[in-house]
Amino acid sequence: MIEAMGILLGLGVALGGGLGVAARLLKVEGNPVAAEIEEMMPGTNCGQCGHPGCSAAAAALAAGSAPVSLCPPGGKALASALADKLGIVSDLSGMADRGSVIAFVFEDLCIGCTKCLKRCPTDAIVGASRQIHGVVDDACTGCEQCAEACPTGAIVMRPETDTLATWHWPKPADRLAA
Amino acid sequence: MKLFRISGGIHPKESKELSADRPIERLPLASVLRIPLQQHIGGPAVAVVDKGDAVKKGQILAVGRGMVSAPVHAPTSGRIVSIGRFVAPHASGLPGQTITMRPDGRDEWGELPAPIDAFGVDPAVIAERVAASGIVGMGGATFPSAVKLNLRNRHKLDTLVINAAECEPYLTCDDRLMRERTAEVVDGVRIMRHGLGVGRAIVAVEANKPAALAALRLAVAAGGFADVTVVEVPTRYPMGSEKHLVQTLTGQETPARALTADIGIVVHNVATAFAVYEAVRLGRPLIARIVTVSGGAITRPGNFEVPIGTPVSHLVEQCGGFRGTPERLLLGGPMMGQPLASTRASIVKGVNGVLALAAAEAPTGPIMPCIRCASCVAACPCGLAPFDMAARIRKEELDGAVRIGLLDCIACGSCAWVCPANIPLVQYFNYAKGKLTAEQRTKHKQEETKRLAKFRADRLEQQRKAKEEAMARMKAEREAKKRQAEAAARVEVEG
Amino acid sequence: MTARGPIGGPHTHSGASVGRTMGLVAVALVPATAYGLYAFGWPALFLFSGTVVAALLWEALSLKLAGKPVRLFLFDGSALLTGWIVAMTLPPWAPWWIGVLGAFVAIVLGKHAFGGLGQNVFNPAMIARIFLLISFPVEMTQFLEPRPLLSPGAPGLAESLAIFVFGHAGFDAISSASLLGTVKTALGQGTALPDILSNSHGLLPLAIGAVPGSLGETSAVLLVLGGLFLLATRVITWHAPVAMIATMAALSGGFHLADPARFLDPATQLLSGTFLFAAFFIVTDYVTAPATGTGKLIFGAGVAFLTFVIRTFAAYPEGIGFAVLLMNATVPLIDHVVRPRIYGRTRSGEPIRYEER
Amino acid sequence: MSDDYRRIALDGIWANNVVFSQMLALCPLLAVTGTATNGLGMGLATTAVLIASGFLVALLRRLIEPEIRIPAFVLVIAILVTIVDLSINAWLHDLYKVLGLFIPLIVTNCVILGRAESFASKARVLPAMFDGLMMGLGFTLALVVLGAIREILGSGTLFANASLLLGEHFRILETTVIPDYKGVLLLILPPGGFIVLALLLAAKRSFELRRRAAVGTRGGDRDVGGKEITI
Amino acid sequence: MTSTTGKPSALARLFGRAGKPSDDGKPPPGGRSPLYLAFLLGAFALVGAALLATGHGATEGPIAERMKEDLLGSLALVVPAELHDNDLVHDQYAVEAPGGEPRTIYPALSGGHVTAVAYEIVGQGYGGAIRILMGVASDGGLLGVRVLQHAETPGLGDKIEAAKDDWILGFFGLSFGNPPKEKWAVRKDGGQFDQFSGATITPRAVVGAVRTGLEFFEANRERLTKARQGGER
């Protein structure tokens, strides 16, 4: 009996000590997932998610304190990619798949105030004071900062449409629509 | 000549008899011609004429932009009506930049470049003329031909292969061209051989075109051309695939992700050879091509020499219109041709056929689940497992599909043709390839965005710093001034 | 031209269809089935039709539950074939509920639980066979000597109906084990093989099918005939059957030479039990076999190997069902490892290299 | 507070059911559910261990350092199970004859470690025990349902030998559902367990999908912290 | 243990506290010292072992009691209670069986005379060993045969269980001579015992085992039936 108790005690001591040492030696600094998530974010620090920048949002995601659907510019595609990354089974069906949008300036309404220029995180709006502004489509991320800043409502977000260069074959309808 | 076997492949119903005996006809000009600026792979051409300009036949309308591009010429004389977006001859039916002209009916040639003494000049001169004439691969690939001729600069080449297999069912335009303009074709082949800087040319024709074979052989023998060999290759789809044709002729497989030029061979289409003949010998740019109009829903099938820019509707009208409602309307052959969104779209340089298929000719069976019969594996000329790739794509596992060879697929359609379940395999592959490209584009854009965002942040930071420095400097100056003033005052006091 | 967007190519088709393929397999099954129905009389006919009808009903029910178009799938021939093959593997005088339950297991558990046509990992008919064999060892191992239709000693219509509905009272009295079963039992008692075989049927009855056995599996000659028909019409390829027959012949031949008193000769191994039926109609099932020729060779050889091992060394006299199911489980692996060589690439997937020119 | 308990109860019995949602503890599940009685016995024994381990782990949670928590939990559970095993053998011997082989299996039953790790180690004593009770009842429910289906289809009886487990009063539970039944042998064997479990899972999924469709999908951000524990 | 330079030494990194405890009393981010953890887990183990020891002590007696009851229960099925007035388990002894292994014999005594013996035999069935308990009256007649443990195919071979089929009860009263020794085989092998539907191997194994059990009794009749004093070992 004493023998058995001794063996258990010994095992406990040895394993406890071993685990303590292992915990010290194999400690992982920081959270590698957060860095990987940050890679996936748009990187414009637009702030629409409510976090101060993409890196803070990534940290919140990694900690599980933010929903994967937090990033409007990333849209549904980013949300499902994040869900995959974090191993979360998430119902994104309610999330509108708005596709990608880009800003468009109504020339009639633009007064050339340059407010949008200053807000754009990617310098995608060109123009100067008292001149009608234009959007560089390729640089626009659809973050809507400019639309918010515009005092005359001259900026709207428009879905990016297919062109001959960007069109590709749609996926065949999942079999047997009948 | 010893031929080699290729694996896979199919024997679809040829249906060439509908138009094979119809000689090439010229049709009345359409009342309006719409000439897309992108008729080739590469950068679109840029218009050099304006709305309202009068142009002569053969006059340049738009110039190529970039290394891989091709110019566009006026198919006839007339007036430019507009330059703008118009429905493109493309499956999507989306609009593309198009020059619209109204022919004046006089069909007057403009000033043409002088003919070239084909065999007396440097090969570079021929390539230059081919480029200036706007010649692109006319088998459907539409790759600028001059770029391919210039491969001699970077690769060690030994053979020019002329692809006259015409393995697509229904199409007979190359067949008719070889039979009716044999001498010109052979001359074009020899010019290209010279332009490519190689010693021999092989013209490969499928066995189902005996008349064309005989005509070519006669012309070669009559001319005593030792540098041209006419070869009969077996009738088997997709014999016209460039890599498979080369393997049939030489036994050599082109390595994956490489060009046939890597094994010393360049392949050109036979219709391209004719265009090269016209450009070099007559100075005429590529402004018309032979098109087969066929299919069970066409009243009068035939082969026609069609000016580039002719609306499909005009062509169909001239053939007596549709017989019943066509089930499918296609540009090109039934295997790899593209569905046509609108008959208002025009004939362009790469269109070798207009098909209107009746319901009995098109696949209409219901799409069933895959039963893994592996017919597609046996039919695939590229050694792929199409059913597996499609299953992965269906589940959006695009990377998985790439791993098992999606990018090695030539979209020949053999797999879908044999599929007992009528699964649209090719569309799955096209979708996946397109989606991957789009993803690449998005990723590129995202990187670009990050760069821009960082650039802006740095700039703001710099501005802030500059401002601070300026403030500090101003402050220092102010203080210095103050000190000076004080010192001066002191001096004054002391003084 | 339609609102759904463009239709992708190719815009012509070979005309092959699932229904046509299934129809050809059914034609190939006809001779062996007809012989089985003749040899075992009315009860076999009742069992056969009962099983096939049950298979179709289960299929219709499953399709309805799964929300798939019933009409389209019900008549694609796959359920008919599955029911047909299940019936062929049953003891000919088994009662109705064996057939109905077998059809249920094959169609509902073996096929639709996996997602329906084309999705099942295991051969549905073999799942049904194994399920029944394990669940009802008595009913599933009672065979009888053929009693051809209208011959003296064959049961009449009314009596046959009674056998079909209630099972056969006093079945023990007339039942007889299959050859493999007899051999297994006798070997277990320590009797030498030649003594066992001396008072059993010869090879000729085995080939013709005049022996006790499952409804549709007894006539080797007719099964091979059906198989050759399938080969000729290119419904199946030669790989799996040839690999299976060759492996079994080689294995049993080797062992038989080493110890004729313990191991059956190759001819008996090939001709008895389900072997030839499986070689032409089971291992050639598209859904549950590998896609490439090499893969099919491995698959067929594996089935034969496992069959030999189970028949010879394990508890069950007939091992085909287990062998097929075990090899079915390896098919995804085989398909993953054995791929056709991609054009322009080496077997390992690297682009081909030519020496510097 | 009562809301919390309601949630724990719902989680344990239905929404986060050990078997039907978490897919844990399949080994004892398939081994013992040849009859409903065996399932009931195993379920009750597991419930007892779950409650006790919940109590102990919650009690000791401040003492147990994160580095050694897994061995500590295992130790607690192993000791509990061994004592239960010995006690049943000594004082409920007839039950031991039925379940004897399976009681030690409870040690390796991942549910117990799973609840210790994911719930009891973060909760106060009372909720932890309540969670143990509800998870245990959910597990018992699953075992009994599975056992009942396998028993009825496999041997035509229901709650055979219940008197051995629960005492003579419960002999009335023992029923012969289908007289003169041949029995579908495969269902009593482990493969039958897999088949019936799969069908039950399918039924639950289909029920939930239908209910969700009836309620209408709410879009959303409900995924926060919704990670399933998959030990 | 932290060295004075402010940078912890390697030893300190292993065994010391990695950092200062934070204000709220939670352990520092580096975790507890391995020595402390060793002590903690050791303490757990010790307490657990003590609990187990107590549990074992409390149940040891009752468990042994239950085991004996089980055995007695089985023995009662093959040796009727009216044939003996002794404790069969208590009076057990061993006799060498063919093959040299000891076989435990449970003698039934009535007034000091052996009225019957019970012992266990093993037959090789379809699914491995079949453990059988048999009781033999002193005149060589079978009092009862029961299967203790087997792994025969359920539904086929398990009809040898008394709970499933009456077959095993058919041995009652039989002996060598009734039927004659050469008839001790299943019908298929020319004997007089029924096999049941679909299975021959299992009944054959049981009949064969009982037969060897009777042979054992015959060979050792003298020793087995000699009167013994209770408690003789």
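Just so it is clear, A, B, C, D and E label the chains in written order, and each chain counts residues from 1 on its own.
Following the convention adopted for this analysis, contacts are C-beta pairs under 8 Å (C-beta built on N, C-alpha and C of every residue); 3 or more make two chains touch, one makes a residue touch a chain.
Note that the structure is predicted; figures quoted are calculated from it, not measured.
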Chain at the geometric heart of the assembly (C-alpha centres): C
Chain whose Cα centroid lies at the greatest distance from that of chain E: B
Contact pairs, highest-scoring chain pair: B-C
Computed distance of Cα centres, chain B from chain A, in Å: 38
Chain centre separation in whole Å, for chain C relative to chain A (CA means): 54
Intercentroid distance (Cα basis), chain D paired with chain B, Å: 65
Of all residues in chain A, the ones touching two or more other chains: 12, 15-16, 19-20, 23, 169-170, 172, 176, 178
Multi-partner residues of chain E (each touching 2 or more other chains): 31-32, 36-37, 40-41, 44-45, 48, 52, 153, 155
Multi-partner residues of chain D (each touching 2 or more other chains): 67-68, 71, 75, 182-183, 185, 189
Interfacial residue positions of chain C with respect to chain D in the complex: 101, 109, 113, 131, 134-137
In the complex, chain A residues that touch chain D: 12, 15-16, 19-20, 22-23, 64-69, 83, 86-91, 93-95
Parts of chain E lying in touch with chain D, wherever the complex brings them together: 27, 31-32, 36-37, 40-41, 44-45, 48, 51-52, 55-56, 58-59, 62-63, 66, 69-70, 153-155
Complex contacts: residues of chain D adjacent to chain E: 63-68, 71-72, 75-76, 78-79, 82-83, 86-87, 89-91, 93, 96-97, 182-183, 185, 188-189
In the complex, chain D residues that touch chain C: 182-187, 189, 191, 195, 198, 202
